[in-house]
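What follows is a pair of complexes built around chain A, which joins chain B in one and chain C in the other.
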Partner chain A sequence: MNITALRPSRRASRREGNWELRIGLGLFVGLVLFALSSLLPGVDAESYGPDALSAPSAQHLLGTDNLGREMTARLSTAALGGLQLAVVATLLAAVVGIGLALIAGYFGGIWDSLIMRATDLVLSIPGLLMALVIKAILGPGTVTLLLTMTVLFAPVLTRIMRGPILAIKERGFITAAEIAGRSRWSIAVGHILPNVATPLLVTMAGVAGQTVLVEATLSYLGQGVQPPNPSAGRMVNEFQKYMLTYPYLIVLPSLLILLQVVAWNLLADGLQKSIGSGTTRRRNVLMAMIALLAGSRPGRAARPRKSENESPPQRPTTRTIRTQEME
Partner chain B sequence: MKKRMLLRAGIGAALAAMLTLTACSGNPDAASQESSASGGMLRYGVDSLPVTGGLDPVNGTQPLANRIVLAQMYETLLTVDDDGTLQPGIATDWDATDGKTFVFTIRDDVSFADGTPLTAEDVAYSISLAAPGAPDQLAGFREARATDDGKVEVQFDEPNGAFLPIASAWSGMFIFSKDWYETTSEDERMRSANGSGAFAFESWEDGVKLILKKNEGYRDADKVKLDGIEWVQASDNSARLAMLQQGLVEAADISDPVIADQAEAAGFVPGASPALRNMNLMISAAGTPLENIDVRRAVSLAINREELIEVGMGGQGSLALPVPPGDPRKLDEEPADAPYYQYDLAEAKRLIAGSGYSDVTIDLTYAGDISAADVPMLEVLKEQLKQAGITLNLKAEAWSNITAVFGGAPAPSGLLLIPMIAQSDVSGYFAATSGSVLDFWGDNPDAQSARALVQQMIHEPDVDKRRALVQQATNEITDKVLLLIPASSVMGYEYLSPKVQGYTPDPFMGRINLKNASIEQ
Partner chain C sequence: MLRYIAGRLAASIGVLFALSILCFLIVRLIPGDPVANIVDTDSATPEQIAAIREQLGLNRPWPEQYLTWLGGLLTGNLGRSLTMPVLLQEQVASRLPVTIELALIATVIAVLFGLTFGTAAAFWRGRVPDVSIRALAFLLISLPEFIAATFVVVVNSFTLRLPLLGYQSWEQSATGHLASLLVPGMLLGLGSGAVLTRYVRNSLLDALDQDYIRTARAKGASQLRLVFGHALRNSLIPVVTVVGTTMALLIGGTIVIENVFTLPGMGTALIAAMNTSDYPAIQSYVVILGAFYVLINLLVDLSYPLIDPRVRLVKK
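What follows is the complex of A and B.
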């Protein structure tokens, strides 16, 4: 028996396509457009009206809630808030998380031990409990939510990113940069960070999906977004008593949460697939962007030579296993 | 054929033997069936079992969850009928000629659950311990003592009109055994009871259930049909309705009007649901635009109360003045006739324009945990005030943080939502705004006249004169807008299985008539 694992041909790969990225992007763009519609003139998520509890119709596209407020406006405002929160919270968590990962992975020593044990400590506390404790101390509000997300997800990013940083640190181009006299911070930000961009972006997209769930959970418990600002999680809580009589009130916000999480997760999978199996040119563009964001001039970020280049972490790609009977 | 007959006879004999054995074994199920024939155990689903203070008849009487259980086990000196008229209780007769000295004749056939007889000494001791709990309404309390002829004499330094109503309310002043209170620890008093009421304490499993059994020593024990009451905790309205539907309880408190509708549609019998819960917005004017009387009047005029009730409260509310509409002692006056009460947006805008404030922004703090059901009302209120150019910022706080104001802490914002439930005496509805502990009026010069009227009300023993003072204080408060009451809501719904017979809810939702209930078998 001869078992051979083969990469699919370029044509086969193209035929299969990156459907995760396409669907994820499609959903994401749709959600962004829906969220932006809340900014249109005349769209008011807080004005109550006479037609309370009207089912979806031509007049009320997604129906009205118990105060006669348009569910379309409420949901689009909630979507906008959710997207903003996901992006800002993820960026904050990424800044803190990758910063700590660089210190732990590149600088190493006592800093590595301290940071990783602190990460272990934070990750050992149930996330929801941690969130409720922070809320109890600081009170409800958007700033508290952002801080909560940062505390919850920065350690996740630190733990995930430390591995790739440790791998990159041992490469020759880093040694070369050190011999050339570049400062350690400059090497960390200018050379290491761009080379761990792929796992970073993929993790960030995954974290963004998690922030949606955390916000929805906290708001469901009354500890997240506060009235009168709409939140899908709080809507589910408020309207669960209408579950039997006006099911759309609970189905629509639940659907919004679902779509947001699915969009972020598909984006993460798609990015992983795209960058992981993409061309060198695509990776170079990405590295240049990260270097730019990190403060280095594009093109100056050192890249490992082809021989020492390590394939970025990636999900198992489609492989064919062909079995031939020995004759 | 013969074999079949023998088989039947054998099975019959075996069944008979099993039944005989079961009956002889003292099976608890069989015992409960026997007892249920005399009235049964009423299982009552509640949101919460007793909280702070537990079952202590002095220190545990504030939370509603405590009072409802305490009222089954402890009696009061007097009682009050559905019209609010005083009736005998532990005292058969009373005399209050000068308004400062009250003399009570105590029944001689009352005993506590532990079998010890109730004495005048017990009554005097109970009053002495409870009186400091109402420092404003019972101001000037000097002493309560047992006289040589077995009566109880209560003395005040100045006339008091609030004492008799407080001594008669199920939520006011319970009578307990002096010996028991002095020989038990604080923890024991919170976790057990020894009253003279229709039921006695049996057991309490935290967060699960609290069981009362029939007090066989109760003087009217022959009229009490229930074997006991089992208070079953289920913190969610839907869960309590489900328990009713599944037959796990025979009665349940429902606090959400939507769930209450579902209970009614499912065929459960509604108890009374009087509008006793005023949605009081306490005004702490200092340092806010509310210092300006025109701003306060504009805020009141900008509230379309009818619409607020219809939209924000799903129609489950009433217009209200400080004495809520469900209280039998309410004023005859229609709330809509009160000054600065009826919606007038144009006048509100005019007052704002003339107030000198270019931007009127007011913070409103509410308890995000216990007032979650009131949020739609607050959201509508915010939108209504926006029409008049007033920005209302809603701020959720934990109720535990808000309760700091009861200890003298400053109010967290210009407006503070404190739902006001039924008070033992009408002066209680006013004393909560201008008392020695809760003083929202502070140094507000506009409140001086109202403050004086409330003091007169407390010290006026004459019923008719008190009523006139309630009227004057109400007018003063609405005219100067010293307290905002957007509406009054139902304090709590109560739904019963059709099997529950003989129970009529009291106007104050005390569940004190559960002693008259029985369960149809």
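What follows is the complex of A and C.
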């Protein structure tokens, strides 16, 4: 029963279909196939050819770079490297981040405040500065990049996942498991983790997109992936010299970076739309993540909201009545 | 209220302390001998190596080194660069203004961009302007600054041929100076502007869902009046905080943009120092950029109770 005629709620957008997820998945599959093509026999990103800086042709599909190397091979190898880094770095950050979030959210107490203070501290230092500091200490390399991503993004995951974990912790089946005598770790991993899988997946897809951005930026500045390994960010930097004579050279790696980030971000938005429940769908995880990376602390914007919600008794608005009926 | 201010001040000082420790530790945590990154230890004379150790402060106990370094930071005495015959404080004095100017231009652009497009998207919710603005914002969020900047430079070099890549100091020409910073500043502001657009839109849509808007609508207020007369002001509170926090994106962004346009700011200096293992310079530049950011965040935090009276009421 609708009490008043309201404009269509955001829920209506669901009926339009989940184009984010479809486009995101399509792009992603395309990128993976392109990246895997670098593993085909005969594809060599390193060998120098006689035709330097040749335009795209039947012989050189995307042309050659300043050293006569095949751009197709260079780009697909860079795509593979980018995908690998995004996946491994995100998994590392997720393991550390969700572990800390479980300890903070479920175990609580002194651990909670300690861990949350620590994430506050890391997040209040601008990410790129942090990345440069780590690189200055460890020198360039893959290990440095992975560690950088973990330090930058594990706190983000901890922050975002702590809320859902706190909510699950209050549910009856957790108490039941506690009474049944299961250990706290087994409850945390066996009962709580599966129930926060949705926001976790969404956040991980978003984090993967951010790792691509950070890697590309660091490599562009010469502080990330080191030659001879191909990296799209580094290519943009190298090809700046040729931008007047061979502008397409700079377009190709730029497009590769953009497509990677767009694919991950669309996956995050689409996943949230398709599997998110009522509350998670309204709160855009991608935006929450960018806000966290930008150093916002929840004590700030959340505070007035909280006092608003706390004011009892809350009168159900037309919107909430209708949503309840639909579910 | 006092507790709020004291808490925020203490938190900022805590962050600054942690940042200074982190930067101080850069040289100390390098695996192996940091001197080997600067000179060839086989061919350098023992005197040269000793001089570099002295300059890095590696020959004294850690706490003493830290206090000396911190004292130098606070009194504006940053020491000498390892690789160039310059005093670091002179470098900072000439370069920090460029970075701050860039950040200011970017902030203004971001706020204008975000407010205009965010309001427009919410106003035409679900229709063509909304969909295209959201797509644009999504694209800009996914686009690294250096690609946007490179793209603009490439397109410009084939079409308008504006002189984008030359820096002019304030003394050379005031208008030339502003003109040389305008395009980099605009590009820098786009990313934050896109984030702001999404915030303004969501915040405004939340405000438009409130009961008082329904009442106003029932009284016959037009959509124009609903958005600009009632909802917009209330929706700006969360937006103000985001303006402050996007400054972090800007700190990262200035480093990148300065390098694309080769502007003589802190970012180009920092990357140059990274490439030559000029550790004293890296330490000083990171601490100063970080402190600049912490300061802005503190100001945003302190201005928050002025904007939103509800923060004043919250206890604890």
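One rule holds for everything that comes next: the second predicted complex is superposed on the first by the 261 of 327 C-alpha atoms of A that agree within 3 Å, B and C clash if a C-alpha of one lies under 4 Å from a C-alpha of the other, contacts with A are read in each partner's own complex, and residues count from 1 in each chain.
Here is the rule we use: contacts are C-beta pairs under 8 Å (C-beta built on N, C-alpha and C of every residue); 3 or more make two chains touch, one makes a residue touch a chain.
These figures come from a predicted structure and were not determined experimentally.
Of the two partner chains placed by superposition, chain B and chain C are both touched by A:Gly222. With both structures placed on the common chain, the touch criterion links A:Ile250 to chain C but leaves chain B unconnected. By the touch criterion stated above, A:Ala136 is placed in contact with chain B and with chain C alike. When the two structures are aligned on the shared chain, A:Gly127 is found in touch with chain C, with no touch to chain B. Residue contacts after overlaying the shared chain place A:Gly30 against neither chain B nor chain C. Using the contact criterion defined above for the overlaid structures, shared-chain residue A:Gly17 touches neither chain B nor chain C, since it reaches no partner.
Once the two complexes are overlaid on the shared chain, A:Gly172 sits clear of chain B and of chain C alike.
Touch counts on chain A: comparing chain C and chain B, the chain ahead is C.
Residues 136, 139, 222, 240, 244 of chain A are contacted both by chain B in one complex and by chain C in the other.
Across the complex, chain A is touched by residues 237-238, 256, 258-259, 262, 311-312, 314, 368-369, 372, 375-376, 378-380, 382-383, 394-398 of chain B. If you check the complex, the residues on chain C that touch chain A are 11, 14-15, 18-19, 22-23, 25-26, 29-31, 37, 125-126, 138-139, 141-147, 150-151, 153-154, 157-158, 195, 198-199, 202, 205, 209, 211, 214, 237-238, 241-242, 245-249, 251-252, 255-256, 259, 270-271, 274-275, 277, 279, 282, 286, 289-290, 293-294, 297, 301, 304, 308, 310-311, 313-314. The residues of chain A lying in touch with chain C in their complex are 4, 6-8, 10, 13, 120-121, 124-129, 132-133, 135-139, 209, 213, 216-217, 220-223, 233, 236, 240, 243-244, 247, 250, 254, 257-258, 261-262, 265, 269, 284, 286-287, 290-291, 293-296, 300-301, 303-304, 307-308, 317-319.
Those residues of chain A whose C-beta lies close enough to touch chain B in the complex are 46-48, 52, 66-68, 136, 139-140, 222, 226-228, 238, 240-242, 244.
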